[in-house]
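The block underneath contains the structure these notes are about, expressed in structure tokens.
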Amino acid sequence: MGKTFKRPEALSENHTHYCPGCTHGVIHRLIAEVIDELGIRGRMVGIAPVGCAVLAYNYFTFDFQEAAHGRAPAMATGIKRVRPDLMVFTYQGDGDLASIGMGEIIHAANRGEKFTTIFVNNTVYGMTGGQMAPTTMPGQRTTTSPFGRNVEDCGMPIRMAELLSSLATPAYITRQTVIKPKYIVKTKKAIKQAFAYQMERKCFSFVEVVSTCPTNWGMTPVEAVKWTEETLLSYYKLGEYKKPE
Amino acid sequence: MGKTFKRPEALSENHTHYCPGCTHGVIHRLIAEVIDELGIRGRMVGIAPVGCAVLAYNYFTFDFQEAAHGRAPAMATGIKRVRPDLMVFTYQGDGDLASIGMGEIIHAANRGEKFTTIFVNNTVYGMTGGQMAPTTMPGQRTTTSPFGRNVEDCGMPIRMAELLSSLATPAYITRQTVIKPKYIVKTKKAIKQAFAYQMERKCFSFVEVVSTCPTNWGMTPVEAVKWTEETLLSYYKLGEYKKPE
Amino acid sequence: MAYKYHIEVDRCKGCGLCVTVCPKNVLEISDKVNTKGYFPAYQARPDDCIFCTTCCIMCPDVAINITETAEPAEKRVGEGA
Amino acid sequence: MAYKYHIEVDRCKGCGLCVTVCPKNVLEISDKVNTKGYFPAYQARPDDCIFCTTCCIMCPDVAINITETAEPAEKRVGEGA
Amino acid sequence: MQSEVMFAGFGGQGILMSGKILAHAALTKGFEVAWIPSYGPEMRGGTAYCTVVISDRPIGSPIIKNPMHLVAMNRPSLEKFAHVVKPEGVILINSSLCSVTSGRSDIDELIVPVSDIAIELGTVKAANIVALGAFVTRSKIIDYELLKEAVKEEFAAKEKLIPLEMEALERGKKAALQ
Amino acid sequence: MQSEVMFAGFGGQGILMSGKILAHAALTKGFEVAWIPSYGPEMRGGTAYCTVVISDRPIGSPIIKNPMHLVAMNRPSLEKFAHVVKPEGVILINSSLCSVTSGRSDIDELIVPVSDIAIELGTVKAANIVALGAFVTRSKIIDYELLKEAVKEEFAAKEKLIPLEMEALERGKKAALQ
Amino acid sequence: MGKKVLMKGNEAIGEAAIRAGCLNYFAYPITPQSEVAEYLSRRMPEVGGVFVQGESEVAVSYMLFGAAGCGERVFTTSSSPGISLMSEGISYVAGAQCPVVFVNIIRGGPGLGGILPSQGDYFQATKGGGHGDYRMLVMAPASVQEAVEMVMMAFPLAEKYRNPIMLLGDGLIGQMMEPVEFPDHLRTEPTNKDAWATNGMDTRKSSKPNIVKSLYLDPKQLNDHNLLLKSKYEQMKREEIRYEPYNTDSDYKVLIVSYGTMSRVCRTAIDNMKAEGFEVGMVRPQTLFPFPEKAVHDAAVKESCKVVISIEMSMGQMVEDVDRCVKGKRPVEWYGKCGGDVPTPEEVMGVVKALI
Amino acid sequence: MGKKVLMKGNEAIGEAAIRAGCLNYFAYPITPQSEVAEYLSRRMPEVGGVFVQGESEVAVSYMLFGAAGCGERVFTTSSSPGISLMSEGISYVAGAQCPVVFVNIIRGGPGLGGILPSQGDYFQATKGGGHGDYRMLVMAPASVQEAVEMVMMAFPLAEKYRNPIMLLGDGLIGQMMEPVEFPDHLRTEPTNKDAWATNGMDTRKSSKPNIVKSLYLDPKQLNDHNLLLKSKYEQMKREEIRYEPYNTDSDYKVLIVSYGTMSRVCRTAIDNMKAEGFEVGMVRPQTLFPFPEKAVHDAAVKESCKVVISIEMSMGQMVEDVDRCVKGKRPVEWYGKCGGDVPTPEEVMGVVKALI
């Protein structure tokens, strides 16, 4: 009744630069596993964001481009339009996708570009030292909201899955998390589904992953998991928000 | 039982450069009437877009700034933050607001900036010669969609009122039209309501106005009204989408 | 109470929208060009006008106004300002 | 069928997530620093391990793997690659 | 030898097309040509104009402030541009929409009710072709037959219109010869 | 006269704070000072370091490749930086986390188990202050009393910690004098 | 050589790209270049190419980057404010060494400015509007025909250098119709980009991933990377300088340096002055970067030449380069106008004659 | 003069703005300047000021524009890629004549580049990254104290010229801690902007609307507008040039031109060489635009001086301006490095000695 577990081929041997307990690593692995299972490594192009995952290309074993901050969806559009046979995903943080890159993600989703976006929502700007993001929770302290996010000034956190789902163009949109194994299994299914829609050239696909940033939250990884479950998941509700057809 | 009608004070004497039958003129007048009625001309700052209304400052009798294409909401944010006592509105076309300026309008709305946006949706880029906009209808021919908007490539038209309403931050969001007097009366009420929320510093307010562009649609003004009513209003449904509280 | 109806000829762009919305079918498009090269609207049947301002509300160029006047109502087409 | 359980010590960042998710309470954090300066996880109670891979699934650094082996199960803590 | 023609009128009068046809005709003959539109803010509402330069050597400055000839399709155009035309040039005035003249005695003034003629032919849209026929006939800037070919080519996609346009050309020519 | 100290260790060891306190102390005495952090990609995980320059005249180049002294709070730092220290400088080695020595005979090597001392005092977090006490005592780069004041000022907001930090300084000093 | 057809500059530019073998176009409308997009929205489907109207110039610049990064020929057209929005993207494209062709049909600035012809973006194009040490090869056509040829040349050049290339036109070049032909010999095959492009490992039958990026966190690596880029720019200076001398055989007293539309006006002025017995020479840079430094210098120091003047539809930009080349050996003057009111030959004649 | 406090460059810059009377800050985080935002997110609420983290640098540039347009003092800080994204906005701000202070803490480029100190944005800042004919007054501090003073001077200067002003620092200036004091005499009152700002007609008790705009559709008006802008830039050249000579009393054989962090390294190198008996002079531009043309020229042509060298943390940018000023009278060399690996004094000494 035991099982085996090994490093997927699509993941490189390099050690990551991520902080202990950072869920970026889990998400990387899931993507790699899905790519292995679908056998598409030879026609993959990943797009690294500007954010903690900026060096993502060091951790996979297929082609990568590195976008400017927020512009990964435009880059992916460029690739998919000229090479529809390639499989393309963007990997973006919440600062990247929900703040500076808001225009790009909405328009790519609305045009129905046939690529996949993995959206890593950790409610802060991880790489630059924990500044407030559009997804930061009300009252959450960050380096640029030292007194806690003030809703009166900064508004409510943006829920990207819901926002994108309100567009009329068909898409696959889901929100998952990777803070516990049970969720991780579901997230992997979602990523696989997203890639499958892309392979069928059916629609744009979007997997939001509620993630942790222990370092900038000032918590241990275990505390971060707990806070995520208790605080984030009631605002960022998991589930499938939109399916094509 | 007769009534009088005169040019509002907030409107200048200048003749507009708009094409015959273009509804930009109607919307200008309504804004001016509301400003007169609220007695706020002396603390108004309008923001002209880049689009057919780029010269809007010639047609009003209060302070104006001219934004870059799409950036009026950022400009309005700058003004309202440093001078919350001023009354500010942006006047934006659909190319301006829904294409290049998508990021700015979403974020201003989400922060709950206390200004008003008048969004003139005429489904094309009027000023530059009738190119396709994000709001162009499926199949609609424009100078850059000569075979009609292809939904497979360009996606469905974006409904800004709905999109903005899906944000969690409170706001006043409504869609109106000015193609007939009965609608015009309602639009004026909506604009007045929007300004009232701003005066109370309650929330961001947004009035989408479904408009015509006879010139670039290749129609007479009367045909344009008819096409709007028959085609646009069933996709761009009129009504109040969101109210604060 | 009497009203004075007035179309500023040179502001009018002849779009014809006022013509279509007048409940009393008062208005028509002139066949004389104005200084801007447009054919302006005018009250073809001024006596039918009920001063409802519907045309004023519709006009994108604010070319029409209706004022109150002490004297008996005067209505002229395309009168100068 | 037997399994070999292996934590790559120098990959492990000692985040402790595997420890919390193990259904059999097999894992603990070591008090010996690895070459990167982290205190890695190890199987404190290897015999309790049921090779369910839960810890592998959780580990953000893919530091744990479980392989099938013909020989009887070997379990060692922090074994090198 | 270089000559220039400015076509001016309201937007919608086919001003740009007139210029294009003339440039086309000249090109066929092997001339160097340049067609320069006005694309300023005047586009909407005000006057539209374009300039065609025809030359037997490479064209230097494409910016022509003083053209040799003017085709004025309405009154504002005439008023705006009559004084910039070089002495001895042709000024065609569309008298249907313009009751005044250029007031210049050093040019060759050609007054033709081009819009009325076009309306007689069945559509005011042909006015620009009437004007072209008249202008080319009078100025001899290119061969009239070349012009005819160029008009045919321009309307190749709307073949049904060709007889009408030929008639328009002829009526223009006739007016110029009167 | 100018001297420079490099503080190096893991992130989280209070490296940047040590430098800041030293710079502060020197500033109080009227010296010119500059504190230069490493803010590269090493920030996360790898080594963190900063350099403090103390001088009696305006400081020219703030980029110091060969500092006078080194405080190495862990082994990678010692390995990375031991060879760049100028001859006759002090190298403090945190022997709690570093079992090797600098291997240099032209410098003044000071081996102190700073982390262990700090743990004895109740918190490993005080290790940087232990190191500071030891380093300043040995190098005499500034007056020890000035350092004491600077530490007090640094912890002014967390007054409760001051006795502990004073103790840490003293233990460092003692270790340096042994 | 095909036959001569009369075409608007903007349409000819679009067609030239197709003839050059580039079937991918991403753009955002802006006067005075929107006709390129309008033309290609019809033309690309005919030739099986890609036409995408992006949501903004910022997005377009990254669409180009993505497409070029995976090895396909790609180009865009825009005008001044749109190019400013692409500055970050251009810097990225240069940093990641991707071949992209940018066309800027300049309009009056700064800010919203106006829509008439201008040359106010000279600095932006030649000194890098974006951040960091990069350069673009910048070409400036003076006619529709030359625009066609430069567009066609741009693609292989971009690939030769793996670098962005910019064509700097102005509103007049875009809006004017002139006869053009599309030289067959300028149609080129895209180069093989397997060595670096992210075209999919299967496509190039390789198991080594390609990475397209501009990040070099290690300072030594970033310096080396910049030295590599610099060596490309030095190579451009050796191999790609293009210019056209005009009336430089004469014993000219004044040397004009002028490019694009402005140089045509100057040509007419020079012809007119020659007819009057007043000799004026001109060097017309066809590449603005690399700038024809030696040509300008040598023409300036000719015995007969007393003064050099940079005539621009801008407020004194190219004159700095001219000044630099002349090395103090002749006085360097500037004349310019911007905003769309192109100086006339008569105006130029007045200015030039006043110099002597 | 207050007392000296030890502050990080980034924090000192934030505090300096407040001390200068600017209570409005809009920005987007980016290494290596995020500490300015972090500092001001705490500090602004204390002083009743405005702190807004914008959604992007593009948006921030227009928030600044709006705020400045209605007459309030306002500033931002960013780093290279962020400044590129502001290019369009800067051009608009210049075109509409609004006083805005921009701080660029340069990092390595092009593209994403790196986060360590660099001077690769010299061209972008001095020749206008945005489109059209505009210039910014550009100041380059060499220490935290100088950064403070320049920030404080920037606001009244921006208002004097109704023009954007840029402070060009580098990662080191931002990250380093040095002792600073905030000179009281540099605290200034904002000027009265009733004549042009959209501060509301009631505010200024006027019935004449003010319009803040950069559009001039009429070419003559746009040309006149550009001439007006040009006259401001000419005035800056007359009134605002700042530079610091170093060791120029000596009979130096080599003249270094260098600015910012790089100039401090050169200063140490010059001191060291002096100790060895080898005299080297330096002109350190404190304003990069207007560039100290005469100072550099005059220092270059000093009898003893054999060669001029521009030493930059960039691949040859300022050297073009130096070359232009020297007018061929001395050979002009360049040395530079970029990517964050700041050249050491020893390296500079090696390079300089090799020149002779």
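The first chain written gets the first letter, and so on, giving A, B, C, D, E, F, G and H; residue counts start at 1 in each chain.
What we mean here is this: a residue touches a chain if its C-beta (ideal position, glycine included) is under 8 Å from a C-beta of that chain, and two chains touch if they have at least 3 such contacts.
Values in this document were obtained by computation on a predicted structure and should not be read as measured data.
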Required minimum of steps from chain C to chain D, each step between chains that touch: 3
Which of E-G and A-D has more C-beta pairs touching across its chains: A-D
Distance from chain D to chain B - Cα centre to Cα centre, in angstrom: 61
Intercentroid distance (Cα basis), chain F paired with chain E, Å: 87
Centre-of-Cα separation between chain H and chain E, whole angstrom: 55
Residues within chain F bordering two or more other chains: 40-41, 45
Interface hub residues of chain D, defined as touching at least two other chains: 36
Multi-partner residues of chain H (at least 2 other chains): 31, 52, 55-56, 58, 81, 88, 92, 96, 111-112, 115-116, 213-215, 217, 219, 340
Contacting residues of chain B [partner chain G, same complex]: 50, 54, 66, 68-70, 95, 99-100, 102, 125, 127-129, 131-132, 134, 143-147, 153-154
Residue ranges of chain G touching chain E (in the complex, touch as defined): 4, 6, 31-32, 115-116, 171-172, 175-179, 261, 264-265, 267-269, 271, 340, 342, 344-345
Touching residues on chain C, where the partner in the complex is chain B: 1, 3, 10-11, 13-17, 20-21, 36, 38, 50-54, 56-62, 64-68
In the complex with chain A, residue positions of chain G that touch it: 24, 26, 50, 52, 54-56, 58-70, 72, 74, 88-89, 92, 96, 198-203, 209-215
Partner chain B, residues of chain G touching it in the complex: 28-31, 34, 37-38, 41-42, 45, 52-53, 55-57, 81, 111-112
